[in-house]
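Here chain A shows up in two complexes: once beside chain B, once beside chain C.
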Partner chain A sequence: MTALRSGVSRTTLALPLLLFGVLALAAPNFLAPQNLANVVGQITALLIVSLGQLLVALVAGIDLSVGSVMSLAGCLVATQPDPLWGMVLALLLGLAVGIANGLGVAVAGIHPLIMTLATATFLQGLAYLVLPIPGGEVAPALRSLADGSLWGVPQPLLWCALCAALVYGLLHRSRLGLHLFAVGAQARSAQLNGVRVVGVTVAAYVGCSLLAVVAGVYLAARVASGDPTMGASFGLESVTAVALGGVQLTGGVGSILGVLTGALSLGLITNGINLFGISPFLRGALTGALLLAAVCSQRRKVVGL
Partner chain B sequence: MQPSARTMPDTVGHVTTQDNRPDLVVLESVSKRFGSTAALQDVSLRGCAGSIHAITGENGAGKSTLMKLLAGVHQPDAGQIRVAGQVLRLRSPAAARAAGISTVFQELTVLPNLTVAENLLLGREPSRAGLLDRAAMRAEAQAVLARIGIGLDPQRPGGSLTVGEQQLVEIAKGVSTDAQVFIFDEPTAPLNRAEVDKLEQLLHTLKAQGKLVFYISHRLDEIFRLCDTVTVLKDGRWVATEPIAALTHDRLIALMVGRPLQALFPPRAGTPPGAPALDVRNLTPLAGAASARLQLRRGEIVGMGGLEGQGQREIVRALAGALRPAACDIQRHGRDGQPQAYDPRLGVAQAVRQGIGLVPEDRKQEGLYLDLPIADNLWLGVLRGLGLVRQAPRQRAVVSGMAEQLQLRASSLAQEVGELSGGNQQKVMIGRWLAAGVDTLLVEQPTRGVDVGAKAEIYSLLRAFVAQGGAVLALSSDLPELIGLCDRILVVRGGRVVGDVPAASATEEGLLALALVDAPAAAAEVPGVMAEVAA
Partner chain C sequence: MSAELTGNGMLAAPPWRRLLRGALALPPAYAGMLVLLALAALLRPQLLSAMLLPLIARQAAPLGLAVIGQSLVMRARSIDLSSGGVIVAVSYLLTSGYFQVSDAVAMGLCVVLGLVVGVVNGVLIVQARASSMIVTLAVSMILTGIVVALSQFRAPGDAPEFLRELARLRVWGMPLPVLVWLGALLPAALLLKRTVYGRSLAAVGSNPQAAALSGLPHLRVVFIGHVASALISVLCGFILVGFVGKGSITLGQDLALNSLAAAILGGVNFGNGRGGMAGPAVAAFMLTFLFNFLTSLGLGEPGRLMLQGAIIAAAALAYSLNRR
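Now for the complex of A and B:
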């Protein structure tokens, strides 16, 4: 059962281990504490936003606006002097974007690619408006949450654990979680069984946008400033991470463990590119190729997404 | 639409019927349109507690639509629905369920990625403090399955269930809902005989508990065995509501069809069959499986039946080239009588080129282009025989001639096939192969989802086809159909043809005995596999 619904296979589990092994052997600096801390920090944002992408993928959707949401959330906390107020603004932003995306997809029947591409472009514009060039300053209180360690555990790991636990509770301990899987498998059948498909879909997009906000705030806090293009690459990278983790983009199949392996794999590949001194431009090319490979390797009935 | 309907005081809700039981459900003058088609026009219906009420009629008569109004799937354009005297506006299936109406839909809604337990309780999961109570869920599912007597593991994923098992889950889901009104939309189609018996017991229990059961079916023997009252619809209009005791089979058929039915099955051919259209000396559909031998001659309709999953479907699919057989040795005589080799491993296109067409069981998915007009669907048969860049002849004459031959009932040849009734869709499917000039038809479930009137027309179509030198192999899980339609019946067990019975002397009992592993007594020891005469 679990394999059928989680999408986790030996390949998805082996990929990050294999990459770790290769990097540990071939890249001299890989195991240095400084680099490892760096990798954890990089993967944290990707993991958090990918967990959100998982929610949307489960209902057979896709959210390309997460990158812009991250950027705009980062710009908001970097420009607001009061960190609490900045957070509230950013979370309200996530809520609004999620509702808009969800209603557009579930009520207006707009294809999720188009709907979220539209909001992504819209929000990117807003981000430039809030903060035209990288800058601003994130309040020290927030900064201290993203760096250093608490009780001997690096703070980024705590962010990851907290978000994963939240999503786990949502997916496996709540009725909504079961309904997400149901809607993703067959929306009409779920509807006939009394599942409120519109509500469930909107909830998935809201959850995704809120997690993107968290990822954006984390990233801004880590670099201590805002950047209107900070999240740009995360839209497609989160989709790639999710696909690498065995999540079926056609809906109904996916797991937190899978997303974790996917985000780890992608993060390790990125780190490898840095360590080996490969052109950073290749990173984008590689992400695209990986997404294609991951989607092609999925067993599914409908060719397409 | 009718703001007054929500609050209107009820004055006539508890009108009693002649047997003095109060009406639990009243549908009053309901109408429903889909686009330009009127699915229901001014239909009224009363159902009283403690009864089983059959809703019947030909396909497209509006049975399912009527019940979907009550199930909250569709909302009526006009008219009102009262349950226990209360005027209800059912905006969603969830709302109907909350109003005490439980529905087993005709379409299977079991989700492949949920377990049996999750499927059973979807939409009404037990929860504690807002969190899913998985232990309670398992226990409840276990209890429901045990009470109904279904031996299914509640932890099995829905995707691993057979169609019959999925239907059992649907039934369990419907029956276990705490409701006053139960709707079953053709629940027995995928069930074997033992499971049908079980379902009938359940329905009687519900009736004894004072529930109202609406039972949609066009299987007459079921209606007569089970139901108290019958409502007949035709073309979206109410025709009659009668107590079952006042009806005979013939009278009910006449009500459904609107005209007396000629003999359902056309007479068999008087002449002996000709040369073999397919002489299958060896056909092994899957590596390691048994190999089948059979002969299909021109001028005859050969039936094929057996227990569910005995490999008969694979044989037909392999013959058609839709499934690549592991091994085969097949001879064929063309229309000119010349022998030729036939190798289904070369694929469907080659099979069609050699004059062999498959009418698939799932014609909507595998056969027809539902959103293309009738003309294009038929025309495709002609195009198949041509090269890619050959200029096609004018289509109109061919297509309209074919439509006439098929006795298609459609507003025009430009109508989308998806809008047609099951019977007319099946005719288009067969017509496509006739247009392509095939001389051998492999037909899976010739009349599944086809109403009584169209059944007879499809049977005569097939009979006329073989009378002109064609050959038909018909795979069916409907024993009376096999016996009535065919000249010979092949019984398949374990991938082998174990019986070849002349249909004229075949009986259902005899075919069953052949299909079962040993004698029927031996099969009865294995619960659940009894009498699964299905393809």
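Now for the complex of A and C:
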């Protein structure tokens, strides 16, 4: 039954390969090393934040606040003179947001969409407060981590690999991972079998927020400055990537491979839009359409929220 | 020791307790409005002047209308966050001059657009069973993306003259949009209390499965709610475009979130039959008044967003704790 639990199907695997093939044939510049490095750099943030979204989706939740968390983390790093202190602040922020979201969902019983929409709005305001207009400066030490390459490997790839390995260890080499799947598949049964549902849910939201912080720090380090709206589009984009990757938003089904294919597909589409000279503003419309397609293919039992 | 037994054997609470419980069961918007009015009377009495209050009410009218649509879908355990995209599209259709048509035809196109958006939302939510929040957010994203991409090539123009006239018009000293809003409340309340649709809505909201098993057209009820909500968004778009007098791609962007907050504050919540139309209306006015009040105290955009988030979270929290 492992095939079922991973959610990876032929279509989820074929989509990025197909996109890659089409772009390689139709866009002459696509295979240029410069462009490929660009694609990797663009996908990294999306992949990291989507890995976080995976954790939450596994427990049948959703986190729309990741975008604001990314923006705020970027603003914090860009406004703190000491990069280490900025990182610590940003991670503490992620911890607090995750705990708040998790408690709101698991203890107070607020619908995850409403809860995370509320925190997303709140944190967006906080981001404007920290950094009203794009600016600030990310410390050079941090910037060098997001660009260039180490031992011949582009640094962004290392960020991806590190985060994926972390999530892999969490999901498949720890007790918490098993509990995440159990809670998402059937929370009541998990509870009766002695799984602490509240703790597991809170842990999922904390993990998601922390990964969003990492994605935000990476993005800020890449562009070398902060922007209070930097992450705004990532909230729904990460949901799109996760849904495209075959992760069931109703919980219990999903895998890192699926998230990778989803993020890759979305990233390749973005790159295609750039290469073909289509208006970048249509990217939002296209993401929306993809999101609709991905979500509608996952038929649920309930109608509504 | 004068407690008496009620019919089901429970001890009846003393009167003051019953009163307190009754007050707690009221929508939070009422208490909030009272506190807010008292604070305003103390700190910014000029906000309560006969000149400013109608203006604030006029500003609240689009939100008040939007929350009618929002509360319809929320009663059926759904949500509509597409109003931002619909309003931007309406603004573009009315002001860009992209389609060389008369104003009346342009407004007709807007209504058609609203109908299409409502039907798309409804079909995807009801037939494909997709999450209504994700569907309506995605639809809003698609509309906004298309409009922004299109408006690169064409600067937004002026709003139709008669919409601007209507937005400025006053009848018996009250701005026309406020009258439209108040006029819409009564039929909406009657729709909830007196019609088959209203009763079905309450039934579907409180238990969709039971409603379906009882033979209620529970999918159609959700569907109609979404179409109505999208059409109301178009009406809000007309009013907002009339206010501003120009096309804009940032028009009405906070309406979706504010209508959600106002509906919850007004005592409407997902899938329970409680809350009429008065609570959300008071909440819409309260939120608008609150933002004006806080602006007069020097609160900027960051504070407004933080407050919005905090209000949604607090209202949802209060509701879910109350439910226990």
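Methods note: the second predicted complex is superposed on the first by the 298 of 305 C-alpha atoms of A that agree within 3 Å, B and C clash if a C-alpha of one lies under 4 Å from a C-alpha of the other, contacts with A are read in each partner's own complex, and residues count from 1 in each chain.
Going forward, a residue touches a chain if its C-beta (ideal position, glycine included) is under 8 Å from a C-beta of that chain, and two chains touch if they have at least 3 such contacts.
A quick note: this is a predicted structure, and the numbers were derived from the prediction, not measured.
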item: Which of chain B and chain C A:Asn38 touches, first, second, both or neither; value: neither
item: Touched partner set for A:Arg173, first chain B, second chain C, both or neither; value: first
item: Partner chain in contact with A:Ser189 - chain B first, chain C second, else both or neither; value: first
item: Broader residue contact with chain A after superposition on the shared chain, chain B or chain C; value: C
item: Touched partner set for A:Ser144, first chain B, second chain C, both or neither; value: neither
item: Partner chain(s) touched by A:Leu126 [first = chain B, second = chain C, both, neither]; value: second
item: Contacts on chain A seen with chain B and repeated with chain C across the two complexes; value: none
item: Residues of chain C touching chain A in the complex; value: 76-79, 124-126, 128-135, 137-146, 148-149, 152, 208, 218-219, 222, 257, 260, 270-271, 300-310, 312-313, 316-317, 320-321, 323
item: Chain B-facing residues of chain A, complex; value: 1, 4-5, 169, 172-175, 177-179, 181-182, 184-186, 188-196, 252-253
item: Chain C-touching residues of chain A, taken from the complex the two chains share; value: 62, 104, 108-111, 113-115, 117-129, 132, 236, 239, 249, 279, 281-289, 291-292, 295-296, 298-305
item: Complex interface listing, chain B residues touching chain A; value: 73, 92-94, 97, 103, 105, 107-115, 118, 122-125, 127, 130-132, 155-157, 159, 173
